Amino acid sequence: MKIIVCVKQVPDTSGKVAVNPDGTLNRASMAAITNPDDLNAVEAALTLKEQTGAEVVIVSMGPPPAEAMLREILARGADRAVLVSGREFGGSDTYATSQILAAAINKIGVEDDDIVMCGRQAIDGDTAQVGPQIAEKLGLPQVSYAADIKKEGDTLTIKRMLEDGYMTIKVKTPCLITCIKELNVPRYMSVGGIFECYSKPYEVFDYNTLKDDPLIDPATIGLKGSPTNILTSFTPPQKGAGMMLEGADKETCEKLAGILAAKHMI
Amino acid sequence: MSTFNSADIAAFNGGVWVFCEQRQGTMMPTSFELISEGRKLADELGTKLYGILLGHNIEGIAKELGGYGADGVYVCDHPLLENYTTDGYTKVICDVVAEYKPEMMLIGATNIGRDLGPRCAARLHTGLCADCTHLDVDMGIYKDFLREASTLAPEKIDGLNTAMVLGEKHDVSRDLKMTRPAFGGHLMASIICPRFRPAMATVRPGVMKKAPFDQAKADACEIIKPNFSLTEDDMDTQVVEVVKAAKKLVDLIGADVVVSVGRGISKDVEGGIKLAEELAEVLGGVVGGSRATIDSGWLSADHQVGQTGKTVHPKIYVALGISGAIQHKAGMQDSECIIAVNKNETAPIFEIADYGICGDLFKVTPMLIEAIKAAKAAK
Amino acid sequence: MDFHLTREQEMVRKMYREFAETEVKPLAEEIDEEERFPMETVEKMAKLGMMGIYFPKQYGGAGGDVLSYAMCVEELAKVCGTTAVIVSAHTSLCCAPIFEHGTEEQKMKYLPDLLSGKKIGAFGLTEPNAGTDASGQQTTAVLDGDHYVLNGSKCFITNGNVADTFVVFAMTDPKLGNHGISAFIVEKEFPGFSTGKHEKKMGIRGSSTCDLIFEDCIVPKENLLGKEGQGFKIAMMTLDGGRIGIAAQALGLGEGAVNEAIKYTQERVQFKKRLSQFQNTQFQLADMHTRMQAAQFLVYSAAMKKQNHEPYSMDAAMAKLFAAEAASDVTRRAVQLFGGYGYTREYPVERMMRDAKITEIYEGTSEVQRMVISSHLGVK
């Protein structure tokens, strides 16, 4: 049994985020971190590994420096890592990204008792699309928003969160699960894991590694394979200095409520 | 699906579609919002607006969608569609889309919509933009929106009539411009799907405005029952149960709204806390307190915001009668929107407040509660 | 000298930092206030290999290096001096002497549980009448057939009330002075062993400090560590290593105080200016940081030398002397920058100041460090 976990290195958007004068993001101003939901997926995989002895394989698409993130996940206890990296893959939207990752997962191989796991969404794009799209392209059933996973034989029972409650879903392996932070608390790297992580298997899949997969075609990857285009990106007007509302009467309160409503805050 | 070609753009003349999500036979509020928004887009395109509704025994709730602007509703009724499943819903929607070829499709960005949307877009080989907060077709309206909501230079906005798509200039005037936040809201992007149809968007619930309901339009709404096939063999997942949760208790750190009280409630502690609770309830949040309220035993320690308490960054932080000592600010200054009510106009809390009201919290808070209730009812 | 950290050391620091911020910092005030040993933290650290960082995997260690251990103590001390000394005493004063001087049987018997953190270790050298002058040991050990019988008491024993395994020193032949001292591995279950009351301290108040009492305590002969008469040498070598741990603790406390002071002075406004805009503040912070940076070089250099099996006794003494005095100075200055708030328990700097003071005292006072350094210089 094998658990393949998709992870992404993202800029840390939780702190202060600097924007360049041209309206693009100053990525250098932000630390590169492992996408938080992905760590929940890693933790779920490592927990299943402890229960079943499964091998945990992590896969990420990104530039070569993403190796540092993959090593850190090896240091948490994953068994081997694959970085999918190549100029041909650049400019991919979620459709093209899932196409490439699906091909990489095919290369790793999905067998009957395997599971693919992803975080629900990445904090840079916040799309939550790549997981389900990988599932579609691999022809796997998917369960997203997993807050609890139990495995018995080839059947997984998953608590799938809804805004107003949850569903309990049964699905057989192989399948794809997207994980949310309610699922678990990710473990830390261990000291022993850190001193081992550079000797664990690490592979890079480039275009040539994947090009024979039917999913990989110049028309399905990179910019050319991306159905969506960015028309423009922009920053919202800067938040002004604090504003003292005049008066302290009914009208003042109505004005404030109006502002909050206009900003969709209520 | 065999004849389906998402790149044959001209063939997609089936109007604007909205996936109308229902749960246990009750329409999700976002369905009405999207129908209302879809009406606007269909008018800008000069085409029709349809809802697509899946479920079992749900035909009865279809016509109401007409009251918000739908010209018709595709109703797909089947016992296997009773509960949402990715496999069942994706199969039916993709089959019906392939048959009727809508130009655009909107889906509420609920936990279900964000599961369904990407799977459908992948199967249909088209583009999907996630969690949109603004949608436009008409270029004039779109540019007005950018002038208001962006810091883009006016000449840049004026020039946004075409986009470079695979090295060629593409006229975007009939494309759906899908605008959404990225990087935690620090950046906004407008996305188009120029080469494939339908252009798909999931749309953040609560953002689009619901139109006034019109009974005559509801009565006129056409019900269409498309052909589709669905069998047990199409189902890879099994829904064992659906549980509707009672509203769970939220802690300070996870709360979207925190209403905190400070020393300013001392003349009527119980009354002050009750007001904070009422305000928290209308805003959908929880009550917190400054160190003074905890040390005085007015609130238990788990309510404390500040250096020695909890650090919070809710969407809205309301400080009632809190002066804003440095150790309090340390716990809340990263809130998205800070509202302060304090009698003392030199209170440091006003230095970091987005909106300040200088007045007696016991007088201001009840009025604020009423005003917010009214504003919410008007939405 | 190469001051570049390896990629593993960079990673391990990142892990310690996350762990310290998330798991240790939130408890620091409480365990100080309540004088409570943070057993839950020890259990978490154990799982992550932090109780056996630089020991080989064959004995259950994490397979790291000495610098990675020093960085662990440093990062913990940045947020909690107590948690830092728990790791330091356990590692340097109990695991290290067993690893360095134990027989293969002793190592296999004791190290796996200690290094995996299932058991906590401590070190018993100091006595009421043998502090800085450790040679004046009054605890005795008499061989009786297949065991030794220990009598006497030890005081100020870090981890004393929570440890399972102790490295203890006793006089086997009083006539020989220093050369009559021997080292033993003592388990808390041994008959005749008990611990005394918890000492109430100025700082590191969550750490357990107590007396060890030996009343005809039976210690099997095979628990003699090293040979008879080698005890003093083992104690001194152990303290050389321990000083790296305490130096790292002092380093972390000072750095933690600098971090707090930088944060606070950028928020606090007086005379319509942030404190950080006053040149006095800027110069103070510059000095404080510079002192801690210098301390870091000394600590890391000593750790690297120990790792490389180079002589490091003087380096460890210099590191501890300098880091401890720097930490006391820097934490005191931090309290001053905070003003009245710094004197309250609302902010952590007063705790850091109290915690820092001990680093000038235990595992050899600053005066002892000066003795060690000057003797290495050949100054007589």
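The chains carry the letters A, B and C, assigned in the order they are written, with residues numbered from 1 in each.
Basically, contacts are C-beta pairs under 8 Å (C-beta built on N, C-alpha and C of every residue); 3 or more make two chains touch, one makes a residue touch a chain.
All values reported here derive from a predicted model rather than from experimental measurement.
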| item | value |
| --- | --- |
| Most widely separated chain from chain C, with each centre as the mean of CA atoms | B |
| Chain closest to the assembly centre - both centres taken as Cα means | A |
| Euclidean distance of C-alpha centroids - chain A vs chain C, Å | 41 |
| CA centroid of chain B to CA centroid of chain C, Å | 54 |
| Where chain A and chain B are represented by their mean Cα positions, the distance between them in whole Å | 21 |
| Interfacial residue positions of chain A with respect to chain B in the complex | 11, 13-14, 17, 19, 23-25, 93-95, 98, 123-133, 135-137, 141-145, 157, 160-172, 175, 223-224, 226-239, 242-245, 247-250, 252-254, 256-261, 263-266 |
| Contact set on chain A toward chain C in their complex | 71-72, 75, 188-198 |
| Complex contacts: residues of chain C adjacent to chain B | 29, 264, 267-268, 341, 346-347 |
| Footprint of chain C on chain B - complex, ascending | 291, 307-308, 326-327, 329-330 |
| Chain A contact footprint on chain B (complex, rising order) | 6, 23, 83-84, 86-87, 90, 110-112, 114-115, 117-119, 121-123, 125-131, 133, 146, 149-152, 156, 160, 163, 165-166, 172, 175, 177, 181-196, 206-207, 236-245, 283, 315-316, 337-339, 345, 350-360, 363-364, 367-368, 370-372, 374-376, 378-379 |
